[in-house]
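Structures given as structure tokens follow.
The same chain A turns up in both complexes below, where it pairs with chain B and then with chain C.
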Partner chain A sequence: MAREQARIDVRKTYKLYVGGAFPRSESGYSYEVHDSKGGFLANASLASRKDARDAVVAARKAQSGWAGRTAYNRGQVLYRVAEIIEDRRPQFVAAVRSSEGLSASRAEAVVDATVDRLVWYAGWADKLTQVVGNANPVAGPFFNLSTPEPTGVVAVLAPQGSSLLGLVSTIAPAIVTGNTVVVVSSYARPLPAVTLGEALATSDVPGGVVNILTGDALSVGPWLASHMDVNAIDLGGLAGVDGGAEAAVAMQVAAADNLKRVRRAPATEPDWTREPGLDAMTDFLEIKTVWHPMGV
Partner chain B sequence: MGIDFDYAPAPESTGIVDIRQSYGLFVDGRFRDGHGTPFKTVNPATEEVLAEVAEADASDVDAAVRAARSAYEKVWSRMPGAERAKYLFRIARIIQERGRELAVLESIDNGKPIREARDVDVPTVAAHFFYYAGWADKLKHSGYGETPLGVAGQVIPWNFPLLMLAWKVAPALACGNTVVLKPAETTPLTALLFAEICQQADLPPGVVNIVTGAGATGQAIVDHQGVDKIAFTGSTGVGKAIARSVAGTDKRVTLELGGKAANIVFDDAPVDQAVEGVVTGIFFNQGHVCCAGSRLLVQESIADEFLDRLKRRMATLRVGDPLDKNTDVGAINSAAQLARITELTEAGEAEGAGRWSPECELPSRGFWFPPTLFTEVSTAHRIAREEIFGPVLSVLTFRTPDEAVAKANNTPYGLSAGVWTEKGSRILAMAGQLRAGVVWANTFNKFDPTSPFGGYKESGFGREGGRHGLAAYLEGGR
Partner chain C sequence: MTAPTIDPAAGTAAGADLDGVTRDEASLRRFLHGLPGVDQVGADARAATLSTRSIKTTAKAQAIDLAIGMVDLTTLEGQDTPGKVRALASKAMRPDPSDPTCPATAAVCVYPDLVGVAKQTLGASGVHVAAVATAFPSGRASREIKLADTRDAVAAGADEIDMVIDRGAFLSGRYLHVFEEIVAVKEACGPAHLKVILETGELVTYDAVRRASWLAMMAGAHFIKTSTGKVQPAATLPVTMLMLEAVRDFRAATGTQVGVKPAGGIRTTKDAIKFLVTVNEVAGSDWLDPDWFRFGASTLLNDLLLQRQKMQTGRYSGPDYVTVD
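Take a look at the complex of A and B:
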């Protein structure tokens, strides 16, 4: 009689999330992801230059349609993401716990804050224009209105430490206004990003609006920084990274080739539990002013 | 029918302007010599030398930045907003009082028609100072906080010398910053007259410093470690170089760069107004306008008729002496700019576009270029893609609104656009789809201190004018 054996784990290799699908890295490379104590968690795809380019194509394709949704609808779609994370709470808690080495209660708190953050940003969808737009009293018979519009395709280097709350706190402000994003996740802690991708795939967020690359911001970032069809880049994920400051300078220089809007990396990763300002949204907006004669 | 309606010359007197033989730098409230090689500024309409102007080298820029820092820390940032406001109101009043002098000097140094300097540039300059003066004690309501950035380094172009100065200096000072400003090397004189106005207003020394010179002087400002903010208006090439050079610093940057605006005329447009708007759009200020409507997109069904009317109107433009009050199109600002316009228009012909200009007699001396349009232009032609910055219009056609949008947006620039149609819902739909910071519908080239101006894409970032213009000079405005 065979002796009962310990069950062998099904070890997963997670894929990228691009254009609403889950492709393997075109490079074929993956890397081992470990928990905070060094134990094996899973394999993650190691995104390459080609993956970054594919993700930009997907983001560009989705951008005008997403920006063309009503603000109310974008708010509803973001709120629905919050609901889905709430539904999948155990999975997100587990991903945060293993990735960030948190206690169960602290991981729960991170997921709570993430859901709350999404709800907060969802509410901004149909209010930001009223807060940052203006009617302008020009000295002449003209109707004159300034309103914000999305910048376009935004590359986001997500925070390395806060793998879920920080991630969502950088994606949500970019997409709520109608941008689409290509996100490079935390290198060492990609699982919450993978889990988020799986949640987004079952949400109402159209494919291509959020594209998630797992891998190294230092190697993928430069391709996004120099990509001529990317309109803006958030370098926040370079905060606290070895060699991050030098990489940030190089990426800022590359970004100047098409005058990308650059959100610079802070010296250290911010405290993501604090209520955000508007700058994470307004950094990726353009103000458009429309004139029309009146009275003739 | 032999009545000849020739215009008699109507020259504006230059007696009001007193141009000195040489000018120094304006640093810490007084004029001083520069350490670079002095250069000459010429009247582009006659090529006569107007004055010799000091060139600021890196040590002069350093002195200006130190003066600005000292004034910032000891005086200007500590002064209550209401008091800063009063200095700006004073300046605005003096600009109005000396308006004619400023207009004539601007016309002489720049080559623009006195009519435009008098009716557009100078009144808008005064209005800009009035507008931002009023913000100085109301910043807590701005949405960007009340904390200034420090010393602003500002580099401006030659097309609207005094107006660009106002766009830079007024909001910076209102927010509590001090400035080091470099006017363009071909048009320094009104900025130096503005320095005298600062003295006349008893503005504390060091709050405004004006250093003259060319690219090297600008570079010294951009690279100076004591500068907290760079504001630049000029070419996209230089704008990109600035964006590169501030990488890794904490300097804040706003850039107002080039453009290649489409002026889109639909078949239901009010034709006479549209013709006027297209003419204003490209021939205002000799086309030396970053937001100029340099591409006419006209709906195919009315293209022939529209072009006929446009040509008829162009034939009535009066090109010549900028100081003549009847002049519509003045002198090209410099020999270098004339060479650039000439080169690009020759490329237009070589690439197969059809060139047309009305018959017009150009003065024998000075830098001149006739109002010109090109037909049979394709989107691949250089004259459809590159900024010419002169009185040259490229005409393209379209059939559907979607095609118009696609062609209009088919450029790395995104500064402005024009739409001409009587259909309101179409205007709003077009305005929404055009990737440009300013959309003029059934009008063109309108500017106002309350109205934000600035570009999408490679036309730069940041806005000048309006509440949004404060963001460039306040900590909370990032």
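Take a look at the complex of A and C:
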């Protein structure tokens, strides 16, 4: 009697998301990703400094086009991402559940919060200028207007713990204002980031606006911090990492070379479920003030 | 799989007297069609193998400096202005103003009417002025006009003339016509060096590239150049490799060394280093010199400078730290 053969598992090796494509790491390295109980989940590409360099080139290329879109359109695009996450809900729930070891209902709640967070930021796209911009009173016959502008290419070291909600809560505020980002995902929990990359690739977000590197923030971070074509860096992913505090200092020193805007790492990872303020958006903005003569 | 290499003796029609072959149309055709055919798949594979070499650290630093010294910094646009040419010439002399150890480029390549402007800026810096002449890029003009174009550029002070061959004549088999034209232009060049542009993108086959290379070398070219940069594909690695084989075989047959200049489409340091590896492996280290190998490029120089800055500072640089051309 023929014995039924056991089905062979499909052991996946996920790739990076750079410039709208899914390349392997230039280094050829990958690493094993385990679930919260130590079981094998998948392989993820281990991003190298050259992947970071390529991602910055892709982000720079995409930046002017993305910033040139109307704020209203950027809001629509972000809303569309929320829709796609909603469509792929089971996949995101499974990724969060296996990565973070949450119960099904908790994982559902995380995905809900992620979708809500995207919708929240999408709404800010065409409202932020009214709130942080201003018509300044000046002692002369001039209109004096301050408006926020995107700072450019933002490197993000994503939170190590909250692999989906934390990730989206750091990416969305950076891109909604017209920046492009290079993200280094959580090292131990990269799968939600990979899944987000797949969702972004099928959304209306132009290639290069979000570039996702899976790998070690401690090894890739310094290259992004010293990169002369990166305009800002979010060090949040170093919170609670062994040696993270020393690395954060070194990265801040390196970032000073081209006067990057730096978002420093908190001592411990914040509670991402709380409603964010505007800081996450305004940290990566430049204020442009124009003087325009009246009555001309 | 064995990489196809060309027996030097075979390539010279068994050491035939090269002066004899240009006697008339028939013997020239017999010689050019007697050149060994190119195995296209093999040539592509060989070029792909050569482009996998890993050049790092000190070797890379040396390669970058060599490549910068080989650049013919080019601007060939209808919108070129004297100001732009002056800016380009200044950049050619001091590619990285923040670093005096950075070598100058080999030449500046402009249209003939701007030779004077370039020459004035470059002065006695040692950076040459190359001018494209002979109704560049199409080459569709009468011979008198082409010669006048050449004389005009030389009179304005061009050190090097980049001429285009008459591809229409070449493709229709009028080899002697092409040959005589190159000879005539060379005469018009006087003391200036002559680079002959084959426009390989329009020659279609590798066999035609090999024939055109030999034709140009026999007519007295100092350099053979792949492309104008106005036609795609421009300088591909396999085509450049074929031309390097041709100059190697030509020197073996006649003792005359001819240079090679790939132009168009080489934009990154990585590409440039692939070409340098190919030069060394195919033609030999004698050609690893700005007198015998050039890159016709504009954006390549910025990438070379970015890589150079990366090697010196240990951090990645960005386009804000080189000029916008």
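Things to note:
We adopt the following convention: the second predicted complex is superposed on the first by the 293 of 296 C-alpha atoms of A that agree within 3 Å, B and C clash if a C-alpha of one lies under 4 Å from a C-alpha of the other, contacts with A are read in each partner's own complex, and residues count from 1 in each chain.
Assume contacts are C-beta pairs under 8 Å (C-beta built on N, C-alpha and C of every residue); 3 or more make two chains touch, one makes a residue touch a chain.
Fair warning: this is a prediction, and the values are worked out from it, not measured in the lab.
With the two structures aligned on chain A, chain B fits next to chain C without clashing. Once the two complexes are overlaid on the shared chain, A:21 sits clear of chain B and of chain C alike. Contacts of A:249 after superposition on the shared chain: chain B is touched, whereas chain C is not.
Of the two partners chain B and chain C, more chain A residues are in touch with B.
By the touch criterion defined above, A:223 lies against chain C but remains apart from chain B after alignment on the C-alpha atoms of chain A. Angle at the C-alpha centre of chain A formed with the centres of chain B and chain C, after superposition on chain A: 80°, rounded to the nearest 10.
Of the two partner chains placed around the shared chain by superposition, chain B is the only one that A:142 touches, whereas chain C remains out of contact.
By the touch criterion stated above, A:287 is placed in contact with chain B alone, chain C being left untouched. By the touch criterion defined above, A:60 lies against chain C but remains apart from chain B after alignment on the C-alpha atoms of chain A. After overlaying the two complexes on the shared chain, residue contacts for A:257 are found with chain B and with chain C alike. When the two complexes are laid on top of each other via chain A, the two nearest Cα atoms from chain B and chain C are 5 angstrom apart. Looking at chain A, you'll find residues 257 touch chain B in one structure and chain C in the other.
Within the complex formed with chain C, the chain A residues making contact are 53, 56, 60, 223, 226-230, 254, 257. Those residues of chain B whose C-beta lies close enough to touch chain A in the complex are 127, 143, 236, 239-241, 243-244, 246-248, 255, 257, 412, 427, 431, 436-443, 446, 448, 450-454, 456-458, 460-461, 463, 466-468, 478.
On the side of chain C, the complex with chain A involves touching residues 314-321. Across the interface of their complex, chain B is touched by residues 131-132, 134, 136-140, 142, 144, 146, 151, 231, 245, 248-250, 252-253, 255-259, 261, 279, 283, 286-293 of chain A.
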